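Look at the two complexes coming up: subunit A is in both, with subunit B in one and subunit C in the other.
And then the complex of A and B:
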């Protein structure tokens, strides 16, 4: 075994696999052992409200998906004319608002923590990608309000999309196409990136605050000066 | 049905806009941004409840 998160050896009691399935299992277990995937505890610095907004975004996303499933099963006529439809439609909107609010505060917190430190660049990048993909998902949602607001947004957006040359392929005036983007492709894309982001957080651990850098095994392994300047790393 | 259509049309109101010079923002968006800044500040300064002992 070597530094946390960078183990390279096969467990002693398991011979090296010869098949691709066995090699995949061993690779996955080396990179993400069960105790990292579902840990018993977190470092003491995680007991802070600033670490809550990531899971807040995921909880909001669950509500977005659940309310979206109800909306898609019943259709626009239902959510435009019935009282319950209005309620579920509003639940969908406000869970999206909470999703973006918590995600952006999570982004602010991680930015000021320099969360890409200690070999966590890919975690940071998947967070940025999930933000970008979520914006596209929300945009297609605004196009599906099927009211004057969505009509206005679509006919402003078509000029921008035509100007960059993708208007014929991604046609915001085509309600059926945008519906498919919004209820199939975009939720799958957001979910896939968010799952990857969470797996990377589990693999590398949550980033410590700047003044607790020496307490992190990955930071010690990627920043030798921490040990030189701090003496015996805690 | 016509009542529902009328309420749907009325729901699309232009909203309240605030402007300072060339800067214009809808009141709802401004409230959301201020709420985010307040939440961020509170998250930095409010103590976190400790349900059990941590390492």
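And then the complex of A and C:
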């Protein structure tokens, strides 16, 4: 495994750490060395438009957060009475729509690539969890519109939540509760899962093509520097 | 089959170890920057061209003003304990056999009554007691028995349903006790806007909880009628829709879909069934890497041949 391969790459002159902090640093560097975290090359098979949608989802999330911060600074009623506020609200809406569009295409792409292969199951799982958490985050946003749509969604959605016994604690008609969920808990949750997902992608690398074999031309003509790296690792 | 098993093993071994083949230059920060610029242009463009919907919220005042007959009929039902909310069950009240269940599984009852609502007291009698000039009918109501109250509200509800256009001012004579006076007083209170404040403030200066106002609105037909005209009701794909011609929460399509088809559509426990099914499907999606068949579909349906066509062409 790649992780095992990297284990022996820890500088030989660095003594084994004895403190928690030192051990943590060495563990992190073994699992995610800088060249994996911020790579400047990728396997030659990483050449398809499908790879664009993961970064597209992250870019959309940046705009979701930025527009959300502006809306938060001015309060949930601002966009009803301000032209600028309404425009910022529109950017929040459309960045959310693009976030979901790109995320769903990314998810389907990864499914057809069977991207969980090679010990990447947790990467897939965190991806699906980020999708599910994002749905809850968006749902709280729709409840926070303070207009007719949010009134109706609150009235209608309570039945599903009450039926499974959580409506008493997650009260969709309680604006204060939903406000806090939407601007603090859910963004933190989405960001945390997305960061974990990206770290896992960097740790394990991009999954190779299905049915790839050692006899493939791309593997026969290997890069000398990479051979050296692997040679050093051994 | 042996013909398939060999490449699978090679494939898995390759996926497990670091890539030792050809590389291409890749600039993570540049890709992220380009992504942010492209998405930024799209966001600003879509926002400028399409904007966002913002249909004004309704109030108890606008309800009482626009649909007084519906308001009075709903207030009568709240007073008599015959509204949907009065018989809802947890978390609002204890109504026997009102919860949604699957066999012996009754999740709705687990929370108990954590948001207690007595529809007569909270929606009608309580608000009327806050008026500077309390209606005399309040004393009559307070002094009466439950049996008498039920008889009055039932008679008045029947009379309202038979009146031309359900108009409270055109109801025939009958033994309605203080009910018409109470509901009319509440209607007048709502028309001034006072009821909006009283229902939501709960005797506190600050207000962030609109549960009672929304639940009261929901018991009438005015609210759902407006929602229906905007294609927002459950049988119109419900919560995934947005007011106006906007995409809304399209990612909830599958959740909304189940409500449109049998056996969910007509099931009394449809919410519990649909939520349970969606939780199961989400769990299945999460665990796809471990589910035989589902995890093999990408091998059987060769979409990957399109994704990695350059790789396969040059292999």
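Structural remarks
By definition in this document, the second predicted complex is superposed on the first by the 201 of 234 C-alpha atoms of A that agree within 3 Å, B and C clash if a C-alpha of one lies under 4 Å from a C-alpha of the other, contacts with A are read in each partner's own complex, and residues count from 1 in each chain.
As a working rule, a contact is a pair of C-beta atoms (placed from the backbone, for glycine too) under 8 Å apart; a residue touches a chain by one contact, two chains touch by 3 or more.
Remember, it's a predicted structure, so these values are computed and weren't measured experimentally.
Applying the stated contact rule after C-alpha superposition, one finds that A:118 touches subunit C and leaves subunit B untouched.
Touch criterion not met for A:29: it reaches neither subunit B nor subunit C.
Using the contact criterion defined above for the overlaid structures, shared-chain residue A:189 touches neither subunit B nor subunit C, since it reaches no partner. Of the two partner chains placed by the overlay, neither subunit B nor subunit C lies in contact with A:144.
When the shared chain is aligned, no partner comes close enough to touch A:65: not subunit B, not subunit C.
Legend: residue contacts after superposition of the two complexes on their common chain; A:81 is shown touching subunit B, with no touch to subunit C. By the touch criterion defined above, A:50 lies against subunit B and subunit C together after alignment on the C-alpha atoms of chain A.
A simple residue count on subunit A separates subunit B from subunit C, and the partner touching more is C. In the superposition on chain A, A:17 contacts neither subunit B nor subunit C. In the superposition on chain A, A:41 makes contact with both subunit B and subunit C.
Within subunit A, the residues touching subunit B in one complex and subunit C in the other are 41-44, 47-48, 50, 52, 80, 97, 104, 109, 147-149.
Within the complex formed with subunit B, the subunit A residues making contact are 41-44, 47-50, 52-53, 80-81, 97, 101, 104-105, 108-109, 147-149.
Of all the residues in subunit A, the ones that touch subunit C in their complex are 1-2, 5, 38-48, 50, 52, 55-56, 58-60, 62-63, 67, 79-80, 86-87, 89-95, 97-98, 100, 104, 109, 111-114, 116-121, 124-125, 128-129, 132, 135, 138-139, 142, 145-157, 159-160, 162-169, 171, 173-177, 179, 205, 207-214, 216-223, 226-227, 230. Those residues of subunit B lying in contact with subunit A across their complex are 1, 4-5, 8-9, 11-12, 32, 35-36, 39-40, 42-44, 46, 48, 50, 54-55. Within the complex formed with subunit A, the subunit C residues making contact are 7, 10-12, 14-29, 31-32, 35-36, 38-40, 42-44, 46-48, 50-58, 88, 90-91, 99-100, 107-112, 114-115, 208-211, 213-215, 217-218, 223, 226-227, 230, 232-234, 238-239, 242-243, 246-247, 249-252, 269, 271-272, 274-276, 282, 285-290, 295, 298-299, 301, 303-304, 307-312, 314-315.
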